[in-house]
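Letters A, B, C, D and E mark the chains as written, and numbering starts fresh at 1 in each.
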Amino acid sequence: MEYFLELFFGGLTRGSIYALIAIGYTMVYGIIQLINFAHGEIYMIGAFTALIAASALSIEGFGGWSLLVLAGFIAIVYSAAYGFTLEKIAYKPLRKASRLSPLISAIGMSIFLQNYVLLAQTSDFLPFPPLIEEFSFLEQVTVMRSSELLILSVTAVSTALLTLFIKFTRMGKAMRAVAQDKTMAMLLGVNVDRVISVTFIIGSTLAAIGGVLISSHIGQINFYIGFIAGIKAFTAAVLGGIGSLPGAVLGGMVLGWTESFATGYVSSDYEDVFAFGLLVFILIFRPAGILGKSTAEKI
Amino acid sequence: MPYGRRAPITQKGGKILRSFGVALWFMFLTFPIMVIKISPLEKNIEWRWGRMIYVGAGAFVLSLLWRYVIEQKRGPIPKEEADPLKVDTKDTGWNRGGSHSLQERLAIFFHKNKKFRILTFTGLFFIIAAFPFVFSTYQTSIIITALMYVMLGLGLNIVVGLAGLLDLGYVAFYASGAYFYALMNHHFGLGFWAALPMAGALAAIMGLLLGFPVLRLRGDYLAIVTLGFGEIIRLVLENWNEFSLGPSGIARIDRPGTLGIDFDLRDHTVYLYYIVVVLVAFTIIVVSRLRNSRIGRAWIALREDEVACQAMGIDKTKTKLTAFALGATWAGFVGCILAAKTTFINPASFTFMESAIILSIVVLGGMGSIFGIILGALVLILLPEYLRAFSEYRMLVFGASMVIIMVFRPQGIIGGTRKRHEFHVKEPTGEKP
Amino acid sequence: MLEVRDIRTFYGAIQALKGVSIWVTEGEIVALIGANGAGKSTLLMTICGVVPPRSGEILFMGNPIQNLSPDRIFSLGIVQVPEGRRIFPLLTVQENLDMGAYLRNDKGAVRSDMEYVFSIFPRLAERRRQLGGTLSGGEQQMLALSRGLMARPRMLLLDEPSLGLAPVLVATIFDTIRHINRDNSTTLLLVEQKAAMALHIAGRGYVLENGTIKLQDIADQLLCNKEVKSAYLGGS
Amino acid sequence: MDFGGLRALEKVDLYVAEAEIVAIIGPNGAGKTTFFNCITCVYQPHRGDMIIYPPGKASKSLNGLKPNTVTEMGIARTFQNIRLFKEMTVLENVMVGRHCRTRAGIAGAILCTRKTIREEQETLEFSYGMLRKVGLEKQTNEKASDLPYGAQRRLEIARALATEPFLLLLDEPAAGMNPSETAELDELISRIREEDGISILLIEHDMKLVMNISDRIYVLDYGHLIAEGTPQQVTGNPEVIKAYLGECFDA
Amino acid sequence: SSDTIKLGVAGAHSGDLASYGIPSLNAARLVAADINAKGGVLGKKVEIMAEDDACKPEVAANVASKLVAQDVNLVLGHICSGATKAALNIYKDSSKLAMSPSATNVDLTKSGLYPNFFRTISPDDAQALLQVEFALSKLKVKKIAVIHDKGDYGKGLAEFAKGFFEKKGIPPVLFEGITPGAVDYSAIVQKIKFSGADAVLYGGYHPEAAKIVSTMKKKKMKVIFISDDGVRDDTFIKVAGQYAEGVYATGPIDTTRNPMAITAIEKHRKEYGAEPGAFFLNAYAAAVCLLGAIEKAGSTDSSSVSKILRSNWFDTPLGKIGFDGNGDARGIGFAMYQVQKGRYVEVVK
C-alpha cells in the first residue's frame, strides 16, 4: 500500500509538471489550432532567464522567497516577451496559410531557439538553485516535498483561474470566438491580433512559471529540456482533449500516473510505451480526448 | 492614425524609426541570454555588452530587410491594373485572365512547349547521369541522402499531402524497413535486393496496423497518436535487445550486392547513387500516377470533406488505410536503403525529429506538388550539409531558414499548384447536351 | 451617412469590385441586388474592412474608414450580418448572442435587447443552451440576425438575411427589418436575392453586376424597370 | 431520431415512387435535413425502417448501413451547406462522384493497364456529360471554390448525378439563388427526372419552385408529419398555413 | 601533399548530445593552437576541420565521406559509438585513422573489425568489471540494482555489469532502463527502494544520475550509488550539489593532478570562460597522441602513424599512454572515485 501511495504521489507530481506546461500548449492550440512546438522552448527560456536572474540577484544579496518571486517575475516578463515576439514573427504572417505551414514554422523556431540558447549560453547542464524553500510543515511527510506541493497548487489555481477567465470575461469569450471564426469575430468588434497576442502572453507566462518551479524542483537545466517536456505536455493536452484547460490537467495527471505505475509495477524500460499506448487506447474510445468535445458539425 | 495597421509606411523615416524600435525590442529580448553569462558555482557573472550592440545592429538591418521584402512581395498598389477593361481574356496560356502567378504561367508554358520540355528532360538526364563522375564521393553521398529523403517526402505526401492525414510518426515505417534488412542480413545473410521489396511490404503491413485503431481520429489527434506510434517503435527497438540488438545497433550490414564484382568505396557509392536515382524515378512515376487516378482523387476528396466524400460512395476506411499502407511502403524501401548505405543502424536514427524533418520537406516544398517535394528535400537535406561552413551556427541558421521560407512562401516553395489537369475532352458525339 | 467612392477590391489577382460607388443616408433602407458572383458580399466585406480595397475611399459620417481594421469599424457602429451565417459552432446560442454585444457595457439594455430578439424568434429562446453548430440552417440564420441586432448598430449591413428561411419567417424578417429601421432608426444596407421583397421595403436600390453598379434608383422605379424585372424578379 | 433530450423526428412515414418529384417542406428546424441524414445513414434512426426498391433489383433495407454503401445502392444527395471538394477542379469534383461506379485499383493505377486507361477515359467523358447537363462545361478546369454560389449548387447536383442514383435528395437547392436562377434550376430538375427517370426528393423553402415541380408534398413540423398531398391540397391546409406558409402567403 | 596537417574533428556539435561533442572540439582547437604556436607538426600548421554528426549514424557516414573527400590526415572522433561504427567503415576503405575520445563500445576494438581505430577511453567491460569488483569486495554489497539510460553507452555498460554480477552468483535484483531527459525519476527510485537493494549501479550520464541521486537522498534513502565515467564529471557535482556527496564513480586514473591536465583545463577556462565538459581530457589526449604520432613518424601516412601509435608512449593529460594491437589505450586504467566534500577523490582499492 505504501508503495502504491508513493507511486501515486510520484505520478501526481510528474503529472502536474506535464499539466502546467500543457495548459499553455492547449491555450495556444485552442485559439489558432496550432501545435506550438516552440512552447517547450519558451518554457526553457523561462527557466534559463530565471536562472540567470537568480544568479545575478543572489550576488546582489537577495535570498529566500524574495529571490524566487523576483527571479520568477523576470522570467515571466521575458517569456511573455518571447512568446509575443514568436507569434508576431513566425505565426502571424501565416494565419491565412494552410494549417501545416505554421506547424513547420514552429518546428523551425524550436530548432532556432534551442541553438540560440546553446550558443549564447552553454551546451552543458547547469545547476538550478533550489529557489523554493522547504515548508516546515512538510518535514515529516515523505511522499511530498514543498516544491511538489507548490507545483500542484499552482497548476490547480491557474487552471481554475483561467477556466473562469475564459468562461466569464470578455477577453475569454473573445478568445473562444476567435478560435472558431476569426473573420466573424472581427466583424463583431474583436481585435483579433490583440486577442491572439494575449493568448500567447498568457500561455508563455504559464510556461515561465512552469520553468521556474519545475527547474527548481529538478535542480538542473540545459537548452534541451524544453523539447522533451514539450512533447509530453502536448501528449497530455491531447489526451485530455486539446483546447480544454481541465482536460490538459487531467491529461497530465493520467499521463503522470500511467508512467509512474508502469515503472512501479511493470518496468521503466517501457514506461513511455505504456504512456503512448494508453493515449492510443483512450483516443480509440474517446476520439476527442477525455474531456474534449467532438466537433459540432451540422450536416 | 489610430489602428493604422494597413496604412502603408511611405516615408523612409517611418520605416527607419520602426526598425529602430524593433532593434531596441530585440536588444531587450536577448539581454539576459546573450549578455549575461553565469558560472553558478563560482558565483560570478560575466557581462558581454558587446553582444548587445551586435544584436541591435543585426535586428535593425534585418528588420529593414524584412519590411522591404514583405513590401516587394505584396507588390505595388496596382492603379493601372485596376482598370476593368484591361483584363485580358485571351486564352494564350500565358495570360489566363491575368490570374496566374508566374509559377503557374511557367507550368503552363512548360506544358505547352514540347520541344522545350524534351530539352529540359534530356539536359536533366545527363546532369543526373554524370553527377557521380564529376563530383566527389562526399557530394555523391549527400545527394544519395537527399534523394532518399525525396522518396520519404513523396511517400509521406501520399498520407499528408493527398489524404490529409497528419502523420508525425512516419519514422516508424522507416525504422521498420531499416531494421528488417539489417536483421535479416545479420541473422540470415539476406541480400539487399531480396530485402527491398519485403521491407516495403512489411512497412505497408505496419501502416495497416497503425491505420486500424486511428481511423476515427481527426487532425491533430491523429498527429499525436502517430507520434506516439513512432516513439513506441523506437523504444521497442531500444529495449528489446534479444530482437533488435538494443541501442548499440547493428553493424556491418552488407551494401547492395554487386554480382560478385569487387567494388571499392567509391564504386559502391556510385552504384548506390544509380540505384537510388532509379528508385526515385520509379517513385515519381508511381506517385504521380496514383495522384491522378481514381484512388488519388478519393484521397484528395477525403482530405477536403469527409462527409461529402462518403456521400459520394467512397469507403472512408478503405481509402484511409490504402493511404497509410502506400505511404508507409516508401518509408520501408528507404529504410532498407539506409541500412545498406550506412552499413550500421541504431535506434537513435529514428527519433521524432526525423519525422518532423520529413514532414517539413513535404510542407516546405509544397504539399501535393511532386516537384515541390523534390526541391523541399534538396533544400532541407542539403542545406544543413552546405551550412557546415557556419560550423556551430549551422543548426541556428537551419531553424531560421525554415521559419523564413515558411513566412515568405506559406504555400511551400512550389506551392499553390493545385492539381492541373488539362483535360481535353472530345466533343461527345450523338448525345444531346 | 455612408459613402463609398470608386472602390476596387481584389482577391489576390482576381478583381471582384471594379470601381463601385454607393451612398446611404441616415435612416434609410437601401437594397443591393445582383446575380450570383456580382460582388455584393464583397462590397459589404470591403465596407467592414475585412477585405480592404486597393483603391477608393469609404466615408462614414464624413470620416474615411477604408484603412481602419474591422474591429474599429465595428466600434463606429457599422455591423454586418454576413453571408453564410457564420455562427460560432461551439458557443451556445446564448453565448453567440453575447458575442454580438461584445463591446457593449450597458448591461440592462443588453438584457432587454436579448428579450427583444427572443420575442421575434421564440425558437432561439427554446434553444438557448444548444450549441450554435447543431442548429438547423434556418435557426442559424435567425441567430445570425439576432446577433447582429445585439450590437445595437447605427448601420446594419445584411447579407441575404432570408436565406433558407421558411416563408412565415421571411415575412417576419422583413417586418423586423422595417421595424428596427423605423423604431431604432437604424440605417440598413440590404443584400437580397428575394429582390421584390427587398425593394418593397427599401427606399432606394442598387443593381450590381460583374463588380460594377449597373443601375441605381429609388426602389419603386427599380421594381418597374424592365431589365430588373426580367433578370431579378423572375419575370413576374 | 433523438439528439440528447430533443426529439427531432417522430414517426415519419414517407414514400417516393419511381420518377416522381416529392418535396418536403416545413418550418425551420422541423427535422427535414435530419430526415435526409437518416436516409443516407449519416445518423442512425432509433426506430423505423427504410426500404428501397431499386429499379430492376430486389428490395433492400437501409438500416445500419454506412453512408457510402447507401450511395452505392443508388441514393445520392446534396447538402444544405454546400460541401464541395474546394481545392479540386470542377471536373474532378464530378469525377469523384464516379468513384463508386468504377473499379480501378492501386495496381491498375500504377501500371497504367489498358483497362484503367479506358475506365479513366469513360469517367472523364461521363463527368463531362454531367457538367454539360447542368451547364458548367465552360468551367471544367476552375477550382470549385472559385465558382459563384449558384454554380456551386449546380455542381453539387452534377456530382450527385455522377453516382448514377435512382433517387436524388436535394437539400434546399435554390437557397441563395435569385428568381431567374431558380427558374433555370426548376428546368434542370425536371429534365433530370425526364431524361434519366430519377426520382427526386427535395427540401425547399422557395414555394414557387416547390409548387411548380413537385408531384406530391410532405409537410413536417417539429418532427411530425402534419400534412401530405398534392401542392394544391397542401397549400390549402390551414395547419400548414399556420405553421409554415404564413397568413399572407399567396401562391 | 598540402601545406597543412588536417585534423578532422567529428562528433555531436548540435542537438541534445552536443554537450558531449563540443568539449572535444574545444580540446582539439586548444591542442592545435598550442602546437601551431610552437611551429606546427613537421613544419606544417595544424588545421581543424570540425564536422557535426549529431550522433546519428547516417549523418556520420556523410561526415566521414566529407572528411575523406577533404583529404584529412587524421580524424579525432566520433563521439558516440554508433556514429563511430558507421563512419569507421568509410575511413577503413580509404585508410584513414580515427581516434575517439569517448566511444566505449567493446566491439570497436575487440572485434578486430576496425584496424584503423584507436581510442583514449577504456571499453565498457573494463569499467564494468572494476565497478562490480569494487561493489562486491570493498562495499560488500549483497543486493544490487542495475539501472541504465537505455543508451548505447549506459546500457552496454549495465549489461556487462549484470553479466559480471551473475557470474559471481549475485544476480541483480533489478535491471531496468530509465528514459533520459524525463522530468523526474521518483517512480524508479521507489522501485529501487522497494527492491531492497543496498546499492545502485548506474550506467549512463550525469544529468540523469544527478536527478536520481537527488531524488534518492531527498527520500532519505541510504542506498550506495555507483556509476561510471559519464558521471565522473565535475558538472555532476555542481548539479547535484550536496546530494552528490558519497557517490562512487569510475574514471581514468590520475587526471587532475597531472600537470598537463591542469594546464589544459586552465587553457580551456581562459579561452572559453567555462569549465571543460565531458571527455575533454580524453579528447585532449587523443589530439596530442595523433599529432605527436605524425611528428614521430615523420609523415602522415596511415600505416606508419598507426605503427608509431602502437609502439610508443605519449605524454598526455591522462598520463603516459600507448595503444595495444586492438587500438585500446594502455595506461589509462580505471580507478574508483568518490565524491567527498564536493570533489571526486580516488578511493584506494
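Criterion: a contact is a pair of C-beta atoms (placed from the backbone, for glycine too) under 8 Å apart; a residue touches a chain by one contact, two chains touch by 3 or more.
On a predicted model such as this, the values are computed, not experimentally measured, just so you know.
Q: When you check each chain against chain A and chain E, which touch both of them?
A: Neighbours common to chain A and chain E are B.
Q: Pick the chain whose C-alpha centre of mass, unweighted, sits closest to the average of all protein C-alpha coordinates shown.
A: B
Q: Report the chain whose mean Cα position is at the greatest distance from that of chain C.
A: E
Q: Would you mind checking which pair of chains has the most C-beta pairs in contact?
A: Ranked by contacting C-beta pairs, first place goes to A-B.
Q: Report the inter-centroid distance (CA atoms only) between chain B and chain D in whole Å.
A: Here the centre of chain D sits 40 Å away from the centre of chain B.
Q: Taking each chain's centre as the mean of its CA atoms, how far is chain C from chain D in angstrom?
A: So the centroids are 30 Å from each other.
Q: What's the distance between the Cα centroids of chain B and chain C, rounded to whole Å?
A: 44
Q: Please set out, as single numbers or ranges, the residues of chain E touching at least two other chains.
A: 14-15, 150, 177, 238, 274
Q: Spell out, as numbers or ranges, the residues of chain B touching 2 or more other chains.
A: In chain B, the residues touching two or more other chains are 5, 37, 40-41, 239, 307, 392, 395.
Q: Going through chain C residue by residue, note those that touch at least 2 other chains and give them in order.
A: As it turns out, chain C has residues touching two or more other chains at 14, 69, 71, 134-137.
Q: So in the complex, which bits of chain D are touching chain B?
A: 40, 42, 66-69, 71-72, 76-77, 79, 83-89, 91-92, 95-102, 104-106, 108-110, 112, 116, 119-120, 123-125, 128-129, 132-133, 137, 140-141, 143, 159-160, 163
Q: Touching residues of chain A toward chain E in the complex: what are they?
A: It is residues 3, 6-7, 9-11, 13-14, 17-18, 115, 118, 122-127, 142, 145, 214, 217-220, 222, 224-225, 227-229, 232, 259-261, 263-264, 267-269, 271-272 of chain A that touch chain E.
Q: Which part of chain C faces chain A closely enough to touch in the complex?
A: For chain C paired with chain A, touching residues are 48-50, 69-71, 74-75, 79-80, 82, 86, 88-91, 95, 98-100, 102-103, 131-137, 140, 147, 151.
Q: Would you mind writing out the residues of chain C in touch with chain D in their complex?
A: Against chain D, the touching part of chain C is residues 14, 33, 35-37, 84, 123, 134-139, 141-142, 160, 163-171, 193, 195-196, 230-236.
Q: Which positions of chain B touch chain D when the two form their complex?
A: The contact residues of chain B facing chain D are 286, 289-290, 293-298, 300-301, 304-305, 307-316, 322, 326, 418-423, 425-426, 428, 431, 433.
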